[in-house]
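Look at the two complexes coming up: chain A is in both, with chain B in one and chain C in the other.
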Partner chain A sequence: MTAVAQAPAPAPQSSGKDRRNKARPRTPAEWVMLILAILGALAIVFPMLLLLLNAFKSPQDYANSGPLDLPQALSFEGITTFWETQNFPRALWNSIFISTMVAIIAVVVSVLNSFAIGIGRVRGRTWIVLVFLMANLVPQEMLFDPLFRLYDDLGLLSNPWSVILTFVVIQSAFGTYLLSSLLGTFPKEILEAASVDGATRWRTLRSVIVPIVRPTLSVLMVFFFIWTWNEFLLPLAFLNTSDSLTVPLLLEQLNGERQTDTTTLIAGTLISIIPTIIFFLIFQRTLTRGITAGAVK
Partner chain B sequence: MTSTPQRTRTRRADEAARIPQRGGGKLGYWLYLIPGALLVGLVIFYPIVRNVRLSFFHWRGGRAEESFAGLDNWIALFGDQEFLQSFKNIILVIIAMVIVPTLLGLIVAALLFDVVGRRFGARLSSFLRATYYLPQILPIAVAGVMFSWILKPNSDGVLNQFLTTLTGSEVEINWLGGQYSTAMASVMVLMIWIQIGYPVVIFMAALQRVDPQLYEAAELDGANWFQRFRAITLPMIQPEVFVVALTTTIAALKVFAPVFILTGGGPSKSTYVPSFYAYQEFIRGTDKGYAATIASAITILVVVVAIIFIRVQNRAERKDA
Partner chain C sequence: MKYRITAATAVLAAGALSLSACSSSDDGGTGGSSAGAGDGDYSGETLTVMHYEGDESAMGIAWNKAIEIFEEETGATVDLQTTAFEDLNASAQQLFDSSDAPDVSEYNKGNGTAGQLAATGVILPLDDAYETYGWADKLSAGIDTIAKYDENGVMGSGSWYGVPNYGEFVFLYYNQDMFDEYGIDVPTDEASLEAAMEAFEAEGVTPLTTSAQEYPMGQLWYQLALSQADRSWVDAYQLYTEEVDWTGPEVTYASSTLEDWVGAGYISGDASGMTAEDAGLQFINGEAPMFYSGSWWYGRMLSDITDFEMGITNWPGTTLTPGSGGNIWVVPVESKQPELAEIFIDVTMRPEVQALLGESGGLPVAADTADITDADAQALIELFNEVNDRDGLSFYPDWPTPTFYGDLNSVMQGIVNGDVSADEANTQLMDYYESYVADLR
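== the complex of A and B ==
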C-alpha cells in the first residue's frame, strides 16, 4: 500500500512534508471516507459491469437468470446477431472519419482565427471572439432545420461532410477562444526574432508559433475528436441512410426497433462502448488534464 | 458597467503597439479570419437569421407559401401548455445537471484530494478520478440506450428483475412510459450519472493550486475534514465552481439526447424539454414558423443567461482586485 502511495511523483505535495504526514497512522474515519469514494466509483461503473455480465448470455439464459448472475455458458449469440444484422464496421468507420476530419480541420481554423486575434490583435477582437463563441452557445435545434435545407440544396444530406462542416465550426469556437487567450500572451521576443530574420507572417505562424503551441493543439484535437464522436442531434438530422450512420446513431436505431432482442441490444451497447474505452485508456492523462485547460482564465 | 471593458481594451491596444509589424500593418491579419468568418456565417448566423425571421411567419414547410404572422407565434408561445411544461422540466434538469453534480462533485473532489490523495496515495486518487470521469466521454446516446435497457418496462429490465428478486413477487413497472414521476426521475438519474465527472476533474485540478501546507497546518490545529472543507477547499475553488455552474447551466438549457432516447418526451408529452419540443415541432409540427419561435426563444434565453453569468463574474473579479 505504501509502495503504491509513494511511487507517483506528479502531485506537488509528495515531498518531505508529505512523508511526515504519512507517518501518522490512518484513522478509521479516513478509511470510511476512502470506502465512500470507492463505492461512488463503483456506482459509476456498475451499469457497464452489468452490460459485460449480460452480453454473453443466450436469450434463454438471460430470461431465466437474474442480471447479477454469471452466464451459465459463454454465448456469443447476442454479439453475432448484432454483428450480422447491423453494419457496425461501417458505422465505426463513419464515426472515425467524421471525428478525425473535424479534429484536424477545426484545429487549423482555430489556429488561423486565433493568430489574427491573439497575435495580430485586430480591432474589436473581444467582439470577434464573442461572435465565434456564439457557435458554442446556440442550441442545435436552432441550426438543424435551416442547415438541413441548405445541405439538401447542396446535395450533402447523408454525406459525412454535412456533419464535418457543421462541427468544424462548433468545435473551433472553443478552440478560437482558448488559443486566442494563449497566443495573447505569446512571448514578443520570439516574434521579434522571427521578424528580424525576415520571416513572413505565414512563415512565423507555421514554423515558429505552431511548433511551440503544439501540445495545446494536440489536447484540442483529442477533445474535438471525442466531442464530435458523441454528438447526436445534428448527425441524427443530417445522416439518414443506413450507410451513413455513426456509432451512436446505429445503436439508437437498434434501440428503437421493437423486434430487437434484448441480448442483441446489450451486446450492441457493449460493442459501441469499446472504442470509447480504448480511446479513454490511451488518452486518459490528456483528457483529465485537458478538460481544465479552458476552465479558468 | 461599460467603462471596464473599455479600459482593458485601450490598455491592450498599447501593448499591441510594441509588437513588431511587417508589411501591411494589421490589415494582413484580417486575411486569416476569412475562412473562420465564412464558416461561422454559413453554419451559425445564416440559421439564426433565418429562424428568427421565420418566427414572424406561419409556414407549413416544403413548397407552401409563408404567411406573415406578426407577433402571433410569440404570443402563442406564452400560453402554450407544452412549452410551459417543458420549462418546468428545465428546472428539474438544472437540479440534475448543475446543482446535484456540483455539490456531489465538491464532496468527491475534496474526498479524493484531501483524504485519498494525501493519505492513501496519489495514484489511487487519480484512478478513482478517471473512473468518475468515464461517463463524460461516453456518447450520451450509448449511455441512454444502456439506461433504457436497465429500465425496460417488462421483466427484461434489470431494475424490475432486481425488484422481483427483492420482493419475491413479479414486478413490472413501466419506469419510462408509465408515469411522469418515474420517467422524469429516470432522466435525472442518467443526467447526474453523466455529469458527475466534470466537476470532480475541474475541482481536483483547482485544488492543486492550494498550498498543501495549508491543509497540514489546519490539521495540526485540530481542524477535522469538514472544517478544512469549509475553510480552505470551498473558498479556494470558488472560481471553478462558478465556471462549472455556467457551463452546465447552458448545457442544461440545451439538453436534448437524454430525453429523446429515454422517454421520447412521454408519457403524453410530460417530459418534454424545450429543445426536444422545438425538434418535434420542426419534424412533425404543422407550422415551422412556430417551431422557429421555440428555437429562437431558447437561443435568446441561453445568450441572456451567458451574459448575466459573465457580468456577475466580472463584478466578482473586480471586487477581489
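== the complex of A and C ==
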C-alpha cells in the first residue's frame, strides 16, 4: 500500500529517474530495498491468498488437506452456505449506513469544534482538547454497560443510531484534536483578508477555511469510515437482532462454541472484503492526496 | 407491554393445560375442541427465541422442528434470532435485562455462566414450570445438576433455572485402520491402553493427539484423575462439598501419568501449541490413531473422515467420565412471553423432537431409544447410556472457578514443555483452585 501511495507523488521527476536507472545498475542498497518491498508485498498478499485457496474447498477437502494445498475440486459450498444462512446484503447496508453517517457527522462536528478551539482560541483550549482526547482514551469495555443501559432507556437498542451516536462522539473527539492543532497554525493573513472583505465568521469558515483544509477533511472522513466499519465490541453490545448486524458481527456469527464451520467462515470473509477493496479503489486518490496535503502543511 | 403480560397470565392456566393435554395424545385433532380455545389466545403473539447452534447441527435441526410444532399448536409466531456463543457470552448479563431481551434463550450451563445469571436475578426461576410440565422426571441424575443453581450460583441445588435438551460427554475416538495396519488391539483396559500406545510409539507413530492450548488435554487430565476417583471426589471438586486433596491419589495419578506419557513420546511436544481444531484435524487426516474428545466432534468426524474407519469407545478402566447436560434453555427476566416460553421449552422436550435430535447426531435427554434408527446415532447413544447407567457424568475440569480453564491449560502446557514436574503442576493447580474456591466452601 505504501508503494502505491508514494508512486504518484514524485510524478514530475519520474521520467528523469527512469533514465538514471537505465544509465547505471542498481546499487546493492537499492536491491535490498527492492527485495524488502517484495517481501512486504508478499506478506500482505499472503492472507488473501489463503482466503482464495480455501474459500473454494469443500469441508471434507479442507479437513483432509493443508491450508496451502490447492482445492481438489472447485466447491462453492462455503459461499452458498454463507449466502443462504446469513443476510449479507442487509449487514452490508447496515455497515455502509452506519459508517457513512458517522464519517459525515463526525467530520462536521470536528470542524465546528476545532473552529472554536483552533481559530477562536478560546480560553483553556489545551485542557478542552485533552478532555476531548479522553473520549478516545477510555477503554470501550468501560462504556459497554452504561451506554447499554442508556440506549435501553432511550429505546435505541438494535437501532443503528445507537452505534452512530456513540462513534460520532468517539471519532469526532480525535478529529477535534487533530483539526484544532492544524487550525491553530492557520495563516492569520488569510483570516484577516477575509474579515477585511467583510466576511462573517460563518462565511469565513464555510468559504475560506473549509476549502483550504478540505484534503485533510476527506482523509479524516475516509479514516472515520474505515475505523467505524471495523468496530466490534460496542456494536456487539448494542445490535442484537439479526437484521441489525454489521459485517464484522455477521462474520462472528459463524464461530461456533466448540466447532467452527471453517470453509463457510473463510468464504464469508472473502465476500466481506470485496466491498472494502471497492471502497479503497474509489478513495485511493483521496487518501494519497490527503496525506501529501497534510505533509506540506 | 404490561397489558400483554396481564392478558397472557389470565389465559396461562387454560393454555398450559390444553397444551399438555395435546402433547400426551399424539393426534392433535381429537383435542381440537378444548385446545382450540387455548390456541386462539396466542395467535398474533410473537415469541422471540434465541440460540447459537448451527442450522445443520443436531440441535439446530431439532429446534427448527420444535418451532414448527409450536407455531402450529399455539398459533403464535416464532421470531428466531441466531447468535454466536461468544456474542451472547459477552452480552447476556446486560441483554437479558433489557428491552432487547429474547423471550427464551439457549445459554451456557455452569457456575460461571448460567449460575452467575441466576445469582444476579437476570434469568427467571422455573420451579413452577418444572412442576406443571414434569420436566424433572425426564432428566436423569447427572444431567439435571446443571439445571439447578443456588443463591450463590453454584449448580446442583436450589431452584430450577434452565432446561437441558441434550447431553454431551467425552470419549475416545480411534482409527480402526491404523490399529489393523500395525496389528494392535483396541484398548479395553488401562494396561492394554498403555500397551497400544507403546506399540504405536515403537512404530514411530504418536499414539494420542491432543491440544494443551485448548480444552482437550485438560479434559484428558481430568479423565485420568476420575479413573482413580469416586463420586465424593467429584462432589468435592465441582460442588465444593469438602476440600479437594491436591496431593491425593487422583490428582497425583493424573499429572504424573501425563508427565510419563509426554516423556515416553505418547503425547507429542507439539501439543502445547496446538488448538483443539489442530488436534482434531490430525486425527481426521489419519496422522494419529487416537483422539480423546467430546461428542460435539461426532457429526463432524462422520462427515469429514473419508479414508478410514472410525471407532468410538469409552475411556478404558473408569466409572466416571467428563460430561454433563448440554446448554440450557433459560427465560430472561425481561421476557415478554414467559408462559409461551415455557410452552416452547416443553415442545423441545417432546419425544418426537428429542428423537430427531438423536437421529441427527445429538444426545437427547428425553428420547425413546427405540425411535432412533440411524446406526451411527445409535452407537453414540449406546456409549452415552453406558456412562449414564454407571452414573458416570462428572462435568468438566474447568467449571469450579471462572478462570480455571486458562489456568489448567497453562499448567498442561508446562507439563508438555517439561517446564513443570507433576508435583509442581499439582501445587500450581491447587493455588489457582483454592484462590477462588476457599471462600465458597
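Quick notes on this one:
Following the convention adopted for this analysis, the second predicted complex is superposed on the first by the 225 of 297 C-alpha atoms of A that agree within 3 Å, B and C clash if a C-alpha of one lies under 4 Å from a C-alpha of the other, contacts with A are read in each partner's own complex, and residues count from 1 in each chain.
We adopt the following convention: contacts are C-beta pairs under 8 Å (C-beta built on N, C-alpha and C of every residue); 3 or more make two chains touch, one makes a residue touch a chain.
Because the structure is predicted, anything quoted here is derived from the model rather than measured.
In the superposed model, A:Val138 makes contact with chain B only, not with chain C. In the superposition on chain A, A:Leu265 makes contact with chain B only, while chain C stays out of contact range. Contacts of A:Pro59 after superposition on the shared chain: chain C is touched, whereas chain B is not.
Residue contacts after overlaying the shared chain place A:Asn255 against chain B and chain C alike. Of the two partner chains, neither chain B nor chain C is touched by A:Leu49. In the superposition on chain A, contact is made by A:Asn240 with chain C only, not with chain B. In the overlay built on the shared chain, the residue A:Ser172 is in contact with chain B alone; chain C does not reach it. When both complexes are overlaid on chain A, the residue A:Glu30 reaches chain B alone and has no touch with chain C.
With both complexes placed on chain A, chain A has more residues touched by B than by the other of chain B and chain C. Once the two complexes are overlaid on chain A, the chain A residues touched by chain B in the first and by chain C in the second are 63, 144-145, 233, 249, 252, 254-255, 262. Residues of chain A touching chain C in their complex: 59-60, 63-64, 85, 144-145, 148-149, 152, 155, 157-158, 233, 236-237, 240-242, 249, 252-262. Within the complex formed with chain A, the chain B residues making contact are 5, 9, 12-13, 15-16, 18-20, 22-23, 26, 28-33, 35-36, 39-40, 42-48, 50-51, 108, 111-112, 115-124, 126, 128-142, 144-150, 152, 155-156, 158, 161-162, 165, 193, 196-198, 201-202, 205-206, 208, 212-213, 216, 219, 225, 239-240, 243-244, 250, 253-254, 256-257, 260-261, 275, 278-279, 282, 288, 291-292, 294-296, 298-299, 302-303, 306.
Residues 52, 54-55, 81-87, 90-91, 94-95, 98-100, 108, 215, 276-277, 281, 284-285, 294, 296-297, 300, 303-304, 306-307, 327 of chain C touch chain A in their complex. Against chain B, in their complex, chain A makes its touches with residues 1-2, 4-8, 10-14, 17-18, 21-22, 26, 29-30, 33-34, 36-38, 40-41, 44-45, 47-48, 50-51, 54, 62-63, 66-67, 109, 112-113, 115-117, 119-123, 126, 128, 131-132, 134-135, 137-147, 150, 165-166, 168-170, 172-173, 176, 188, 191-192, 195, 200-201, 205, 226, 229-230, 232-233, 247-249, 251-252, 254-255, 262, 265-266, 269, 272-273, 276, 279-280, 284, 287-289, 291-292, 295-296.
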